[in-house]
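Structures for review follow.
First chain A sits with chain B, and in the next complex the same chain sits with chain C.
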Partner chain A sequence: MKIAVCVKEVYNLEQVKIIKETREPILDVPKKLDDLSRNALEEAIKIREKLGGEVVAISAGSPDLKKTIKEALAMGADRAVIVTDCSNSTPESTALILSKILEKDSYDLIIMGDASSDDYSGQMASRIAEILGLPQITFVSEIKEVSEEKITCVRDMDDYLEVVEADLPCVLSVTNEINEPRIPALKDILKASKKPVETLSANDLGVEIPQPYEIIENLAPEIDRRQEVIEGDAGDVARKLAEIIRREA
Partner chain B sequence: MMKALVFAEKADHFNRISSKLKEMGFEVHGLSFAEANADHLYISEPNYDYASITAAMEKISDDVGPDLVVFSSTKLGKEVSARFAQRKNLPCITECLNLEVEGSSITVSRYSLGGKTIAKLRTSLPGVIAVVADAIEPSEQSFQMNIQDFEIPVSNQIRTVSREEKKREAVGLREADVIICIGRGLRKKEDIELVKELAEKLNAEIGCTRPLSHDYKWLPEERMIGLSGEKVSPKLLISIGVSGQIQHAVGIMNSKTVIAINTDENAPMREHSDYYVVGDLYEIIPELIRNL
Partner chain C sequence: MERFDAVVIGGGAAGLGSAYRMAENGMNVLLIERGENVGEKSVYGGRIYSWVFEKYVKGFQDAPVERWVKKERLTFLDERESVSIEYSSDETCSFVAILTKFNRWLAEKVEDAGGLVVSGIKVEDVRLNPLRVVADGEEIGCDAVVIAEGVNPMLAMKLGIRSDWKPEEVAVGVKEVFKLSESEVNSRFDVESDEGVANLFVGYPVFTHGGGFIYTNRDTISVGMVVRVDSAMKNKIEVYDLAEKFRAHRDVAGFLKGGSMIEYSAHLVPEAGIKGVPDALHKDNVMIVGDTAGFVLNRGFTIRGVDFAFYSGVLAADSIKEAMDGGDAGLAGQIYERKVRDSAIIGELEKFRKALDVLENTRFFNDYTRMMVEIMRGIFDVKEESNRLYDVVMEKSRGRKIRMALDFLSAFRGL
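Moving on to the complex of A and B:
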């Protein structure tokens, strides 16, 4: 079983601060492998543990990816293929680039998160499946059965749960409830730096990066809360709170 | 006149979207599973298969020649919008909260950086968007209402073995005046009883953060407040044991007053609170119930 996992580097969002006066985000923070990418990797590794084969992490992003991709290798990907010259990519361009990489090998399964936790756009599985002419199973919350020929999954949709099956090769997107991603041990982290990483440019792949839209602004909404801190003995605090609740409710 | 083509599996979503597009001056064409407001509407039997709906939208789009194709930003809508956009080699923006048209370009707003910011994006038409239908206020518009039956082409890319509606309890989070929202500060499921006692005193609805509904399954999903759940706007929201990650905070931003109880004096929840109580919920809530 040959499995590709499309992973994404994201800003460590918890560390992104907002400039109070201008409401602009400060993006000078470290990047990390997205949580949903970890769910996708975990699922791929589990399948490899059962059926054997290879897990390849694939990603397009900034030059920081050379470092970030090690997190995927430490988790258990066998090797990685990365494109490091597309910092300002869009779903449109990322899908083209990843598909070019995926076309070079014949994968049985292509797995990714159902969206990324920064942009939450959720287009990648559909776009890649369309480009490659493959079936897609999105929002997978459980893989019930997988063999070399066929996969059966539970999809967690807005109002219903659905069991579907598809022949391989197939594109999957998984929800973050599908599993609890493993945390690599120190030895896995050390081993990761010895695993092969192929680094490419969008130019190598012959992809011209489309810029389909223009970002007019990207600002934090105004948060204007009083932030009055109440501390002290539980009894006193409760009395104060009761007063506020009576006034505001 | 510019033309828009709409698909939404829910008639309510369809009508919100079509009224907005009509207001903006579009002639509205659409595909739906029930009667809905449009100038030209194709009605088909319900079908939840992405490949079939994509093929149907491709066929209708080839006939109509829309400037803008709009989906409801549900999971199905997002899945189909991206597949359709790729087939047509068009840009696609999902999770749009607002839209404006200016000449031959469209401007949309959507959350970015996990909800920390709202990005305004401009793209030229033709294009595809998926809109969060609940973010649109429906307006009264008059439509031509030409309706015809449509048969969605059958696709077998994937096979549906079974489909089961989620059991939903009717939750009035969006209409509630008072909401108590609980997070991971609660130690165990049984402790929700304590919160329920407080909720009864205040005639409040109970909401929660994503881990409680989706990971621990202590409360049903429809009680989850946040970016991927309900966005609420009560007069008073009491947040108990919630750290205040941005993906959650986005859901409470329209509350009039926010009280939070948290053991950590520097949790992100603080900046989203009007009154921030630093203390142990297990000591404070019983006292609070006594005081109400």
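Moving on to the complex of A and C:
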């Protein structure tokens, strides 16, 4: 079984600071592998553990990818192919780039997160399936069965679950319920440093990156905090607090 | 079992210096950092003396320098007034940097040179005979270990290389970073975009061992307060309260006005000078560097730590290489001991041994700071009549001239 996992680097959102007065974010923080990318990787590794084969991490992003991709290798991907000159590319060009890489090998399964925690556009699986002419199963919350020929998945449709079967090769997008991604141990991280990483440019792949969309404004949501201090002894405070909760609930 | 020539524990300036030098020398080195990202546990005031990076780091001109320090200011504060001494020059020997960013850049240099940097992993133990590092339940074999674990010497203590700090040997510092804009920083501090200011404060609100600082970053400023732990305990002061009072002082508040606090950090700083350096800096082939070894020099108006940290890392790396080249890797610890004792690190710490006694004298932080302000008030306060400088000085120093003369002589000799 040859599995490609499309992963994405994102800003480590926990470290992003917001300037209170202007609500602007300060994005000068380290990047990391997106959480849903980890879910996708975990699922691919589980399948490899069961059926054997190879897991290849594929990503398009900034030069920082050289560092972030190591997280995917430490988790257990066997090798990686990265494109490092397409920060801020649109979902359309990213899908074209990833498809070009995917075309070069014949993968049985292509797995990715359902959307990324930064832009959350959620278009990648469908775009790639369309470009490559493959079936797709989105919102996968469980893989019920997988063989060399076929896969059966549970789709989480919010209000109901759907069980879908498809022939391989096939594109999957997974939700975070599908598994608990493993945390690499030191020996995995050391091993990862020896795994091959192929670095390409969009140009190598013959994809032109159009002028990325223009960001007009990027502000944190306004949070209206009352910041009311209730004073008095414990009994008083509790009574006043209960009153406020009752009034405003 | 994985094997490396050397394992470096800790991804601050000392560990990175060591790993960088070894990687540059073609050695097989592994650096293990406990924090999620390399260098993010490092906290300091804000200024780095550049000589060591200019000497040892290729491509240093691309380092993330915020501003080069072109103005040095020493301010004596009392409750409402201040006296500042400023030295301004086009020549510079130090820069302001955001240490986490600077460390991240150094870590990239290590990796570019072929070193392996791993973060988010805690080293549990270092075992001797044969030398191994234990982390994550794995044992990693190596010829030498460099402990660069910072001011909390857990592993160094476990191995018996050093003892824990006493309250009078360390200070606690808090630092806040305020966001302004580049042009605001320029105009408030009267500097150009590539010029920076280092401003140290004595007196208010500590009036004992410690003081305040302001450093200009590109579009933010770092403001903080340091107080020696024994003084804080004795006087029952919380460094947080001090920082708040300091920020509100008229001579500090003006710099911060309208700025948004985007970062808060606190850390311990070794303050014992040469007295904080243990008798032996190694055990077998395990060496201690940087803050773990106590390599911080405070002489009142300059504080050196990051340059010594990096340099001690380099010396450890060179010692390991020398030992390996000589055919007996096991001698690295001894070679390091000798190299450090012969180096400028111990040289400088020894040279300023007397500075410790001067800075021990709380009169400099309290009486003389207040006096300085009072004398200035005396000569600049012009109403119908004004005061002669001589009369002001005589009045303010009444009854303490001899003690003062002795104190100032000791300061003159010690600092």
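Criterion: the second predicted complex is superposed on the first by the 228 of 249 C-alpha atoms of A that agree within 3 Å, B and C clash if a C-alpha of one lies under 4 Å from a C-alpha of the other, contacts with A are read in each partner's own complex, and residues count from 1 in each chain.
By our rule, a contact is a pair of C-beta atoms (placed from the backbone, for glycine too) under 8 Å apart; a residue touches a chain by one contact, two chains touch by 3 or more.
Just so we're clear, the structure is a prediction, and the values are computed from it rather than from any experiment.
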Inset, instruction - Tell me which partner A:216 touches in the superposition: chain B (first), chain C (second), both or neither. - result: first
Inset, instruction - For A:189, decide between first (touching chain B), second (touching chain C), both and neither. - result: second
Inset, instruction - Considering only the touch criterion stated at the top, classify A:226 as touching first (chain B), second (chain C), both, or neither. - result: first
Inset, instruction - Give one of first, second, both or neither to describe whether A:20 is in contact with chain B, with chain C, with both, or with none. - result: second
Inset, instruction - Scan A:208 for contacts with chain B and chain C and give back first, second, both or neither. - result: neither
Legend entry - Which of chain B and chain C A:237 touches, first, second, both or neither: first
Inset, instruction - Quick one: name whichever of chain B and chain C touches more residues of chain A. - result: B
Legend entry - chain A-facing residues of chain B, complex: 48, 50-51, 74-76, 78-83, 85-87, 91-95, 107, 111-114, 116-123, 127, 157-166, 168, 177-178, 202, 214-215, 227-228, 235-236, 238, 245-247, 253, 256-259, 265, 268, 270-280, 283-284, 287-288, 290-292
Inset, instruction - Report the residues of chain A in contact with chain C in the complex, numbered from low to high. - result: 17, 19-22, 26, 28, 30, 67, 185-187, 189-190, 193
Inset, instruction - Mind listing the chain C positions that touch chain A in their complex? - result: 2, 30, 32, 37, 101, 104, 108, 111, 116, 118, 121, 135-138, 140, 179, 258, 260-263
Inset, instruction - Using the touch rule from the top, collect the residues of chain A that touch chain B in their complex. - result: 11, 13-14, 16, 18, 23, 25, 90-92, 95, 117-127, 129-131, 135-139, 152, 157-166, 170, 176-177, 210, 212-221, 223, 225-232, 234-235, 237-239, 241-242, 244-245, 248-249
